[in-house]
Amino acid sequence: MDRRRPPRTEEGWYVLHDFRTVDWDAWRDAPEREREAAIEEGAEYLASHEAVADADAGGSATFSVLGSGADLLVLHLRPSMADLDTAERRFETTALADFTEQTDSYVSVTEVSGYMSEEYFEGEEIEDSGMARYIESRLKPEIPDAEYVSFYPMDKRREPEYNWYDLPFDERADLMSGHGDIGREYAGKVTQIITGSVGFDDHEWGVTLFADDPTQIKKLLYEMRFDPSSSRYADFGRFRFGRRFPPADLDAFLAG
Amino acid sequence: MDRRRPPRTEEGWYVLHDFRTVDWDAWRDAPEREREAAIEEGAEYLASHEAVADADAGGSATFSVLGSGADLLVLHLRPSMADLDTAERRFETTALADFTEQTDSYVSVTEVSGYMSEEYFEGEEIEDSGMARYIESRLKPEIPDAEYVSFYPMDKRREPEYNWYDLPFDERADLMSGHGDIGREYAGKVTQIITGSVGFDDHEWGVTLFADDPTQIKKLLYEMRFDPSSSRYADFGRFRFGRRFPPADLDAFLAG
Amino acid sequence: MDRRRPPRTEEGWYVLHDFRTVDWDAWRDAPEREREAAIEEGAEYLASHEAVADADAGGSATFSVLGSGADLLVLHLRPSMADLDTAERRFETTALADFTEQTDSYVSVTEVSGYMSEEYFEGEEIEDSGMARYIESRLKPEIPDAEYVSFYPMDKRREPEYNWYDLPFDERADLMSGHGDIGREYAGKVTQIITGSVGFDDHEWGVTLFADDPTQIKKLLYEMRFDPSSSRYADFGRFRFGRRFPPADLDAFLAG
Amino acid sequence: MDRRRPPRTEEGWYVLHDFRTVDWDAWRDAPEREREAAIEEGAEYLASHEAVADADAGGSATFSVLGSGADLLVLHLRPSMADLDTAERRFETTALADFTEQTDSYVSVTEVSGYMSEEYFEGEEIEDSGMARYIESRLKPEIPDAEYVSFYPMDKRREPEYNWYDLPFDERADLMSGHGDIGREYAGKVTQIITGSVGFDDHEWGVTLFADDPTQIKKLLYEMRFDPSSSRYADFGRFRFGRRFPPADLDAFLAG
Amino acid sequence: MDRRRPPRTEEGWYVLHDFRTVDWDAWRDAPEREREAAIEEGAEYLASHEAVADADAGGSATFSVLGSGADLLVLHLRPSMADLDTAERRFETTALADFTEQTDSYVSVTEVSGYMSEEYFEGEEIEDSGMARYIESRLKPEIPDAEYVSFYPMDKRREPEYNWYDLPFDERADLMSGHGDIGREYAGKVTQIITGSVGFDDHEWGVTLFADDPTQIKKLLYEMRFDPSSSRYADFGRFRFGRRFPPADLDAFLAG
């Protein structure tokens, strides 16, 4: 009963998925002046965070969330947890906050694991600067310019017959590689941000997918479900689906 | 540990099951004028959406939901997620919204899978235009004109002994075919709309059944439960049961 | 992997278990006139439904529920789902509804299955009119005149080693028969109403037990738990326990 | 697949664990006169129930509960379910109820099972009056005079490899005996009240432990967890931990 | 089916993790005087508890919690459960409590187990005073002076193939030792407080980790997940992540 070899990981920006419902009753009943203040302060908060005026680096984006449980997703990537903590509480100082309630969230950090690029983690001189750029692009990702977003957290199973953490390293690396092959088939259609959350939130990873065509997200995930990395080893949490809008359209979002 | 072959799928209209409770206390206490406005704006919203005035195609229907957790189901089928996002938020602009709260929902898309009609998906010339019409009728379904509706989400299991996603394609196709045979026995009694939701909501599929006789829905699902596609491979989420009413009867619905 | 033979079933009256909490704070604070109106309208609603003034047939009963989550259970049996839908919404038109909130419910239909009486379902001439009367008494049951009620929903398991739906018909029939033997030992002490809910609510069956002595319910269920039909094949949902009171005692119920 | 022999059981007093949160915001804001009335009526309710003025026999006790979900536990033991139903609703008539909300509860009945004393249940003349007194002390227990209480509900498992209800009677009796041996090691340190709840609440048993030293409760339960009756056959629900206070100290409890 | 030998344990200070949300809407709307009073009384409560003015020994610390479900964590370690009970209720007497709601908590006690140091528990004269000091430091720990905290509760599994409580003592001791080796690799980077909660709260242990660099917590827990003590035997509850702030910064915390 020996310990299995973990992959090395490198972490980049910290990530907060901040899900909020809108109090539509209060919004309809609010006097015009309060609504204007809420839109002005809300749009200013969203715009300044998308412009990363609050930190040295990172990115933010805003989405209208479909279905119950959340109406709004504000996604923040920042260099430190302290940045996220501040961004989350600063939202509460805006007049927009009067009309929203935080109902869900996810705290994680961008992650690259050594399953993909052992050399990189071996500290070898990486001549392939393409690889270095690739890793950088995953640790400090630009938020893709796509209309739709899908977010879900996930875990790897630790059951007697399907125990990811009890597989030899090479077997896990093979599974991750096959898993990655499917993702690459969707290059240009679906872009992902993978974040780790062990110790930060209730699941082990967060997956955030971006696409202009929602069915491409569905097809990608459905295809992956037949791959043993998912069919045998993955447990999925809740799924949330949203549609991006620019801060300047906050008034249109709230107008229904 | 090879990847299994996924069926091809084709997607059609996006679907929102929008479940809401009625705030009966507020309704009883509301002045007549507010109730009239709520009925007028609510009925107008429902009628215009059932008439699909907001989009190029689709359908909508309204149901009284039995039991706790929801009183009202507004079902929308539309060509795009953006249409659903708009329909959901537009409800909140009506005076009826003052008396309802969104408590549950489901986001999915109509789906036909290649288990049924490999030829269609092979891109072969389909001479059988009946098949083409059938597939079209599932991707862009007319909402059946029936008194009752039953909705539930479901998943296929991924456990060591019962792992749907680890079965060979042909075995899955056989199981789906047997499953479909049961459904066909209920032709004319129960009509279904099957939607996929991987990446969109918490389960993999949504099933929406329509019938004039509730016991036919019960008999169909009970019979299916003895079929291995269900008895070994299906996990079911919550079930909600409703009774359709036309937008013009919104006042009667609210009158108790 | 063949489909197993389902038992035939016959369905009778539809059943709504309508669980509500009382807003005791609002009740204590309400002016005497409002309390009188609530008691009058509430007692009238309960009495007229127990008298089945709203439908051709059926029955209703009212219970004080012990513990948190519900204070009141109104049980309705009616010939159609439409009747239940109306009864549920009509409650909300009473002044009593101002002081209650629906927190839980169960939607089902009385059921007799072919495990018990194959002949009946074979459509053979049933000479034994006792059997016919027995089946009628289960499809259109009189609500037993007992002080206490216990309600719980249940499912049959579909796990690899304990898969009810994968057992041969005869084995299931034997198990149901042994299960029934225990019930018969409690004849005169505990009376049951068995309802099916596949497609209507979150579990497959609802069990409603009536007794004057609560320990008889406990003894019956505990004994059944050692029978393989329960020990291997049953999963139980929540349990709720109540004490019946006549509509005329609504004021005493609310007086604490 | 035969039915296993259940132990005989004898039941005594019915038990309600009534958990409530305090609305501290309302308490702080309440005028002195309302607080005095709440303390007076609350202390009177608690004192009269601890004195069992409402029934022929039984006992009640009051505890401050640590952590979220409940602030107050009122424990009632009474000869009938009707007594508990009345006690629970009578609380709602006090001015103290304005500042509390029932958030959790457990309904059960004291139980002695035939694993312990077959002779007793065989109806034989019990010469050993010590045994008779012991059984009486478990069916009609005095609430121990200890500072701390721990409550949790539990079930016995019914899984393929760990199926309590599928074990032969003698094996269960041996397991219960070993289990009891551990309890006896803690005599004088930890006192227990065991109650059965099949048909009354969501789990099969309730366990209420009393001790002056909290670590003795922890040590007892931890030691038991290594006994096969727990390690293989027990599933535990939520745990709540409280500290007893006399009704006269209600004002100190509410003063923080 | 014999009972396994439990490790001896020694317990020290009792621990309350008190999680609260801030009512940001009320905070924004509150008049300056109320906010000043809340900050003054809140900071005074936090400062006096961090100074342990309420008891003979212990420690307290305050954290801003990221994400939904909690905004504030007040951590208390005290010699008795009565101390914790008082500290929890005393918070409710402050003007700060008007703007917070307790949403989650954990009740436990610091614990050292005999897997680590059999000799200590054998009651032998411990010459190694370093060991004595080490044990003392775990039973009465100083709260580490680090920027970030991660808290989660956990259980050891009791499933047929992965049953921690059914393993021989020596096997468990080996697993704990390997587990501890990983922790020691992170000495100086991550500091832990291990508490037991059997009988006190819903899980068996609470783990509270402190670090200046959040990724060190993630790396430590991820590495441990590949160790059989976790990969086969551990079940984890919710995770909460916070950032420490001194009582004097309460106003800055509330200012967003």
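Order as written gives the chain letters A, B, C, D and E; numbering starts at 1 within each chain.
Throughout what follows, a contact is a pair of C-beta atoms (placed from the backbone, for glycine too) under 8 Å apart; a residue touches a chain by one contact, two chains touch by 3 or more.
The model shown is predicted, which means the values in this text are computed figures rather than measured ones.
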Common touching chains of subunit D and subunit B: C
Steps needed, at fewest, to go from subunit A to subunit C via touching chains: 2
Intercentroid distance (Cα basis), subunit E paired with subunit C, Å: 46
Chain centre separation (subunit C, subunit D; CA means) in Å: 28
Chain contact topology (line, ring, star, complete or other): ring
Chains listed in ring sequence, where subunit D comes first and subunit E follows it: D, E, A, B, C
Complex interface listing, subunit A residues touching subunit B: 22, 24-25, 27-28, 64, 66-69, 71, 147-148, 150, 152, 159, 161-162, 175, 178, 182, 209, 214-215, 217-223, 225-228, 230-232, 234, 238-239, 241, 243, 253, 255-256
Subunit A residues within the subunit E interface of the complex: 1-6, 9, 11, 14, 16, 18-19, 81-82, 84-86, 88-93, 97-98, 102-107, 109, 158, 160, 163, 165-166, 196-202, 204
